[in-house]
Every structure is written in C-alpha cells, then in structure tokens.
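Both complexes shown next keep chain A, but they swap its partner, so chain B is in the first and chain C is in the second.
Presenting the complex of A and B:
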C-alpha cells in the first residue's frame, strides 16, 4: 500500500520532468506531432547542439541567470542574518509585529509588488540592469531568508552567546564570531533556497529586463522559443533541461548539510 | 576586591514575581551558595548579579559602585553555565583564549594564562580538542577553566555539577573548592542540592518562591533553622514534623497530641509561652530520634508512638519512616535494630532536640 502511494507520488512529480527530457531529444516534427510518442523514435541531440550553434545567446542567458541568482543569494543572506539575529535575540518594542510584517510581505502575491517595484527601479534608473534584477529578486527572497535564518539562530543555545557577552564581546562580534560559524549549514541552505527561487523566477525578469541579451533563462525560454505561428518545443525543452540541471546540483549539494543543519540545531551545545 | 551587595532586589516577568525584596551582603573572597528548590529564584538572582538580567527594583553594588546599569562585559565576572555553554566550533584552547583575546593580551601572555589554568585543572592534554570530543566531566573542567583563566573578581556558577554522575560530582566539588582558593575571587554558587550547599559554602543562602529565607553558615542552618521551610530543606533525610496542641496551665505549657508526650526545655517553654497560637509544629532531626523499647520510653523527655510506614536500608544505617495521627517522622537508626513495616513503634528524643515552629507562619519559636 505504501509502495503504491510512493510510486504514485513519484510518477506524479517526475512525469513532467520525464516529458521535458524526452521532448528535448525528439526531432522537431515528432515533438509537434498530434499523436505524442512516449519515447523518442529517433533520438537526436540536435536541439542541444543548436542551443550553442544557433542564433540565440543561450550561454549568456545562462551566465546572466547564474550571476544574478548567485549575487541575490549572497545579498539576501548578508542582509537577513543580522535582521534575523535582531528579531530572535534583541529585545525591543514592536519586535514581534515587525517579524510578522516581514512574513506577511512574503504572503503577498508577487504580482502585487510588480508595479511598485517597477516604479522604484525606474526612479533609481535600475531598470534593465543586473543590479535592478538582483534588487527585485532580493525583495522576495529576503523575508523567507530572515525567517529561516531566525530559526537556525534560535536553535543556538543562548548560554553560548551569554558566555561570549561575559567574555566581553559586543553583539555584532558575537554574531560574527560565535553565532554565524555555528549556523553555516543553515546559511548555506538558506542561500540555496533563495538561489533556486530566483533561478525559477519568470515574472520579474520579464518585467524589469527589456534587452533580450540581459535576460535570464526562464524569461528567455518564453521569449525566444514560443512564437506567434510555431513553438520550438524540442529546443525549449532542451534549454529547460539545461536550466534545471544547476538547480538539481545546488539542491543535492546542500541537501546533506541542510539535514545536518536542522539536526545539529536541535542538539547543539551538547 | 569584590564585595557584593544586593539591596531590595526584585524581578518581575509581567505579572509573575520571580524575586521579591532580596537583600544580601557577600564579603570579598567568600564562597556563597544559593540553594533552593527549582523555581525559587536562585538562578535569576545569579543572572542579575552577572548582569544578564535587569532588576525590576532594588540595587546591585560591587564594592562602592552601583552596577545596575553596568554591562555584563564591564563587571569583571566569569560564569559557568549549567550546560557549560562552551563554544562548539572552537578548540578547548580557543574556548579559554577567546576572552583574553578580547582584552588584547599579547599571544605570549594568552598562551601563558591558558596553559597555567589548564595545568591547574589537568586539562592540558585536551587543549586541541573540540568540546564535542570531551566527556561531561572534561567539559565541566573546560567550562571552569574558561571562567577562571581571566582571573575575574567574581566567579559565578549555575548548577555546574547537575549534569555529572554522582561519583564525578563529589570529585568536582573538591576541584571547585580548590579552584576557589587558587583564584581568590568572590564565588557565588547556585545549586538545588543541599548536600552540595552544606559541603561547599562558607555561607549558604536558602531561597524559596523568590525570597531569601535564611543566610548563615552550614552549621547555623542545620542547627538553628529560622523557619519550617529551611528546617525541612536542609538535611537528609529531611526533618519530620508533628502538629501539636499547646496546653497552658498553672504549671506552665505542654505540647500534646494523641500519640506523643513532650516535655519542653525551660527556654523552649518560654518561647511557647510568648505566643498566642493554639498549635505548633514540632520538628525533630532523624539522627536525634531513637527507637526505644516500651519500658524505657516512659522515662524519656520526648516520646512519640506511630506506625512504621517504610524502612530504607542505606548501608550501615536504616531510615525508618513513622506515621502518627498528627504528622510523620523519620528516624535514622543502626542496622542491628530489627524494624518491620506496619508495626507500632515508639520513638524517643531529648527535649533540647525539638525545633518549634508557628503553625501559621512557619517561623521558629525561640
């Protein structure tokens, strides 16, 4: 019974991935066929080859995405860590309401923030720039990062920090020299989540970036492979497959430290 | 120089009062133990002295300086936490050197201090290890080492032995006293274990429900408890109590229950005569009670009859728990005396061994 449930869940979640990979290996004709085939009749790598050889700057889409997402992850973690520390350890008025308002921000639909962000970036002359995109990504990655890092900080036994206070260290040094080293796995996994979320983002780059050469992968896929009269499914799926691979690598790289982060959080101090 | 003086210290968490009107003077280089059951406020008081908590009212003085608004870092204190609070990502050496580095000592000086302290605590071979590679006892030593390496004026310990097994605990008691003598700091030690308190403290502060009940030497507390709480908390097994009626007649006063007869010493009789109460609690320490044969009991100054509820063999002696209609007593008697549960026995004691407490307030009658 359990095996059936697991098999169903696996099939359900892996089917689209399978379809993506399989379609990327089909010829243009087969991919567009009205009678879809379960596996490619004549497997071909032509879709992948044309990503490099073709007219589209696929490699620079890839670089744009990697660069902005990586920067977003770092910026978000750098800003979120002191914020999370203050929210979990400092005692000030409105601490709890501020914490929840950050979380509330997270619950707003992204589209609601689109127009105000667009206007802000316009005023700051950051539209159609990587910096603007990083700012946009960070706005929706940050609330999540704050709350996630907050939970890691709260798992650090308070006595360790009190010992550092008695040893004479000011708050920010306690954060840098005692707390941060203890939550490195947590910071890594938070950064990875923010990275993946930014990588997946479609609507922000579509709105904030107007020059195709500066576009990120998800937006570029939509902009370039779907046309008014025909959609290059094979090429799109090949690009999608390549887009997914870094995410999978990122996830598997931190998966172990993520689990360790959670576990050691529970048992720290021992 | 570290005299510590608490003046009317109080602490509230919202509506809940954790400490009420705590006043206490601690001399320079004294070893003072705060003892009490859990929730008595002893750890809160220690954390207030450390500067980790603010007072809601009252003042804390170090020598001639009020430290209410002085930050933890500037109080010249060191603290050992119940769960040690070692820095998990640093070696033992770095754990001990961390505070010294903040004071900008030269690396040579730091090395000298760390190694000297490590020698004192026999943890030199462990200096390169991480805390998770150490046993409980070793961590305890490192926590002690980290605290004393800075040569603080005040040394605070919060139940430092509660995570160790019984054997190690006895050994570490001695170590801590040795350290206290070596570092000449004023030491304040929190524990819920009255045996630890009695064996270690120059003076003991007995606390309950956020109040200081009595401050005194171990002998003071044991021999002249100020109230029923202190009497019952200090001493193992605990003092037993019987509720007695006071009967006043022209001949003087007498304490009466259905199952006991008690003659009073002249001083005690005077103390009882002074009160207007109808009843008192009589407390007798277990080692002061004797299991007497019936014929000898009739001549004893104090005689109580009751039923044996439980006999606990603890080696050379046994604890006999005896229930009477008006309270329970425990007697510590030699193993040779045959005692059976559910039998009626007679306990005797001397008049001078009675402790009398007001039944309403619990205050000792003197």
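Presenting the complex of A and C:
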C-alpha cells in the first residue's frame, strides 16, 4: 500500500523532468509526433549542438544569467552580513522595527516596484545593463539574505565573541575574524538561495533588458520561443534542460540547510 | 569603546541612552531605501497621475481618478478573482499533497530514505520558466503527453486543448504550479514531523492508536503551526507569481488566467499607462499587507 503510494508520488514528481530530458534527445520531428514515444527512437545530441552553434547567442544567455545571479548573491551576502550581525547582537532603538521592515520588504509584490524601478533605471541610464538587473534582483535577495544570515549568527554562542570583546577587538574584527568563519556554510547556502531565486526571475529581465544578447536564460526562452523554437520542442527542451542543470546543482548542494534557511527567512523569524 | 553586544541585563540597565541606529545596518538600509522604499513611495505618487510613458504629455495629477476607474474595471475584478483562485487553490492542493508525501515517507530512514526524499524534492530545482514550457509541451492538443496518457487510459475520448479553453486554462496552469510547489510543503512537513517528540509517538503506540488516529489526532496537531506559517508564506509567494503564468498563457485565453501581477505588468509595459498600473498595484499592496501582517503575527506567536 505505502510502497504503491510512494511509487505514485515519485512518478508524479519525476515524470515531467524525465519527459524534458528525453524530449531534448529527440529529433524535431519525433518531438512533435502525434504519438509521443517514451524513449527516443534515434537519440540525438543535435538539439544541444544547435544551441551551441545556432543562430541564438545561447552561450551569452547562459553567461549573462550566471554572471548577474552570482553577482547578486555576492552583493547580497556582503551587504547583509553586517546588518544581520547588528540586528542580532547590537543594541539600538530601531532594531526591532528595522528587522520587521526588512521582512516586510521581502513580502512586497515585486510587480508594484516595477514601474518606478524602471523609471529609476531609465534616469540612471542603467536599463539594459547587468547593473540594472542586479539592482532588480537585490530587491528580493537582500531582505532574504539579512534574515537568513541573522538566524545563523544567532546560533553562534555569544560566549565565543565575549573573549574577543574582552581582548578589546573592535566589532568589525569580531564579525570578520570570529563570527564569519563560524558561519561560512550558512553564508554559502544563503548565497545559493539568492542565486536560485535570481535564476528563477523572469519579470525583471523581461522589463529591464531590451537587447536580446544581454538577456538572461528564462527571459530569452520566453522571448525566442515565438520565433526559432516555435514547433521545435526538442530544441526547447534541450534549452530547458540546460537552464535547469545549474539550479539543480545549487539546489542539491544546499538541500540540507534548506529547512534551516526557510526557518529563518520564513519560518522561525522573530 | 562601546561594544554593542546585546545581553538582556545590559539592555535593562542602559535604557534611554541607546542610539537610534547602528552603523552596521546602514548599507542594507540605504540600498533598500533606494531599490524598495523609493519605488513604493513613487508608486503611491504615480497612482494619482495620468502618466503614459509613450505619450508626449508630461505626467498630470488626476487625484483619485485611477482608483475610480479601477472600481469600474471588470478586468480588474476578474484578475482579483483569478488571483484568489490561483493562489488559494494551488496552495491548498500542494499543501495536502506535500503533507501526504511527508507522512508517507516518514518511516523511511537511512540512505534509501534520503534518496527518495531527494527525488521527491526534484521539482523544486526546476526553474519556473522551464516548468511553464514543460507543461505547455505536455498540454499540447496534438501529441501532448497528458492527452496521450488520458486517451490511452480512457479518461477522455478526444484530445483537449487545455491551455486554449477559457474554463480549463486556469486549472491547467494551477496543476503546473502545484507540481512545482508541492516539494516546499513536503520539505517543511517532513521537518515538522521529524520534530515531533519521540515520547509522544511512543506513548500513542503503546496505547495502540490506529494508523489514522496516529495521523489525525497525534501528528497533525503538532504540525498546525508549520502548516499555518508555510501556507501564509506560499500565499504571499503565489500572489506574486509571474513567471509560470506568463510563460504558459500570458494571461489568456481572453483574460481567463490574468492575475493581478499579469494585469499590472500588461498595463505598465504593454499599454505603458504607469499611472493606472500603479493604482492597481497600490490596491493590491494593501491586500497583501493584510496577509503579511497575519504572517508576522503567526511568526511572533511561534
């Protein structure tokens, strides 16, 4: 009974992914066939080859996405770490309100920010640039990073810091030399989370980037699908598979700290 | 030197001499003020203006005109209804599925248990846009995997064009969304079940609680908080969902899958009426605020 139910759950979870990978190995003709085949009749890598050498700058899409998402993750973690440290350890009157405001920011409907951010980037001449995109991703990455890193810092016993404090080390040094080394895994998984979320983002690239060559993968998939890939589902699924792989790697790398991360940015909170 | 390490006793002693701010939070505050605070205020401002980015006329103050227009706009109301259906429907179903999976795999331990859990989490690692295209492909009327499956098993007699029928499009998009969201609930629920004290389970076992009693009377009460907080979080996330819907249907056919996000996006970046889009955004912001406050209170109670 239970085994059958688990088998069903596995089939439900994995079948679409299986279908994506298998289709990416089919010829254009077979992928569009009226009688879908469970296994490619003539498995071919041609879909992947034409992504590499096709008319679309797929390699650029990939590099653009990797670069902006990576940069966002690093920027978010760097800016968020001192804030998280102050929010969990320092004493100042606005500590609690600021903590909650940051969490609130996290829940804002992003689309509400879209028009003003667009005008802001337009004035700053940052539309169609990586910086503009990173600014967009930061709107959700930074608040999240603050809360997640805060939970990691709170798990560090304060006694460890006390010794350094008595020795007269300034706060920055305590953070850099004592606390940060202890939460490296936490910082890495925070960065990975931010990376994943940016990788998933469609609305910002779609609005802030106007040149196709500078586009990210998700937006490029949406924009080009009406063109080259219109009926080329094999090619489409090859592109989808390649878009998925980095996220898959990132996901399973941090899967263990996933609950912890959610418990901070989300679950345990205050 | 003032080393500001917070300890309850220190806090009580120093009282009123505390500074308002701390230098270490400044970078975050400044960045968020620019990229989030300023846009929110600007949205409020824009919502009282007639501002078309393509038009030659400058922005013009129109007071509450955009809000009046909104209340008479049937598409706004439809979008609101679609948002509610999409959000609550998807969250409810994925919650049940995730919970069922967590209860099912509860007993699995060791390497095999970890492996099964990892496989069940896989959909989470698929980018939203890819989820959308994958389901679009599977929903195809001619040669789509879902039609093929339903035809072979005799559930339907003729292939259905899922995404092109107004009544079916929203549920079809929701299925894709549910597929992508279930792992989240599965993970949270698994963690919450694992956190149930062993003694509770043991004593229920000694009392010979039946399998269903075990689930409904022993385990579920322990999961209430996790259920509440995780669903509120996903409700907020689903209100904001753009990628899946846009890449699958762009809000169509007609307006049958147009949610508030899609509507705001279209108003702002297809019609370029930033003023009206902002008004819709503000109303929505207020609605979302209700859920955000509920969420924060649930957190505080935890």
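The working rule: the second predicted complex is superposed on the first by the 235 of 270 C-alpha atoms of A that agree within 3 Å, B and C clash if a C-alpha of one lies under 4 Å from a C-alpha of the other, contacts with A are read in each partner's own complex, and residues count from 1 in each chain.
Here is the rule we use: a contact is a pair of C-beta atoms (placed from the backbone, for glycine too) under 8 Å apart; a residue touches a chain by one contact, two chains touch by 3 or more.
This structure is a prediction, so every number in the text was calculated from the model and none was measured.
Novice: Determine, under the contact definition given at the top, whether A:115 touches first (chain B), second (chain C), both, or neither.
Specialist: second
Novice: Let me test your reading of the model: by the given contact rule, A:87 touches which partner, first (chain B), second (chain C), both or neither?
Specialist: In the superposition, A:87 contacts chain C only.
Novice: Using the touch definition from the top, say if A:165 reaches chain B (first), chain C (second), both or neither.
Specialist: both
Novice: Scan A:182 for contacts with chain B and chain C and give back first, second, both or neither.
Specialist: Only chain B; A:182 stays clear of chain C.
Novice: In the superposed arrangement, does chain B or chain C reach more residues of chain A?
Specialist: Per-residue touch count on chain A favours C.
Novice: Taking the superposition on A as described, I'd like to know which of chain B and chain C A:18 touches: first, second, both or neither.
Specialist: neither
Novice: With the touch criterion stated at the top, can you tell me which chain A residues are shared between the chain B interface and the chain C interface?
Specialist: Common to the two interfaces on chain A: residues 162, 165, 168, 170, 268-270.
Novice: For chain B, which residues are in contact with chain A within the complex?
Specialist: Contacts found on chain B: 50, 52, 72-73, 77-79, 81-89, 98-99, 102-103, 132, 146, 150.
Novice: Applying the document's contact rule, which stretches of chain A touch chain C when the two form their complex?
Specialist: It is residues 2, 5-6, 9-10, 12-14, 16-17, 19-20, 23, 32-36, 79-80, 82-83, 85-95, 98, 100, 102-105, 107-120, 135-136, 138-139, 142-143, 146, 158, 161-162, 165, 168, 170-171, 174-175, 199-203, 206-207, 217-219, 221-222, 225, 233, 236-237, 240, 243-244, 247-248, 250-252, 255, 258-259, 262-263, 266-270 of chain A that touch chain C.
Novice: Across the complex, what residues on chain C touch chain A?
Specialist: Of all residues in chain C, those touching chain A are 1, 3-7, 10-11, 14, 18-25, 27-29, 31-32, 34-36, 38-40, 42-43, 46, 100-101, 104-105, 107, 116, 118-131, 133-135, 137-138, 142-145, 148, 179, 182-184, 187-188, 191, 226, 229-230, 233, 236, 239-240, 242-243, 246-247, 260-261, 264-265, 268-269, 274, 277-278, 281-282, 284-285, 288, 291-292, 295-296, 299-300, 302.
Novice: For a test of understanding, state which residues of chain A touch chain B in their complex under the given definition.
Specialist: Per the stated touch rule, the residues are 157, 159-160, 162-170, 178, 181-182, 268-270.
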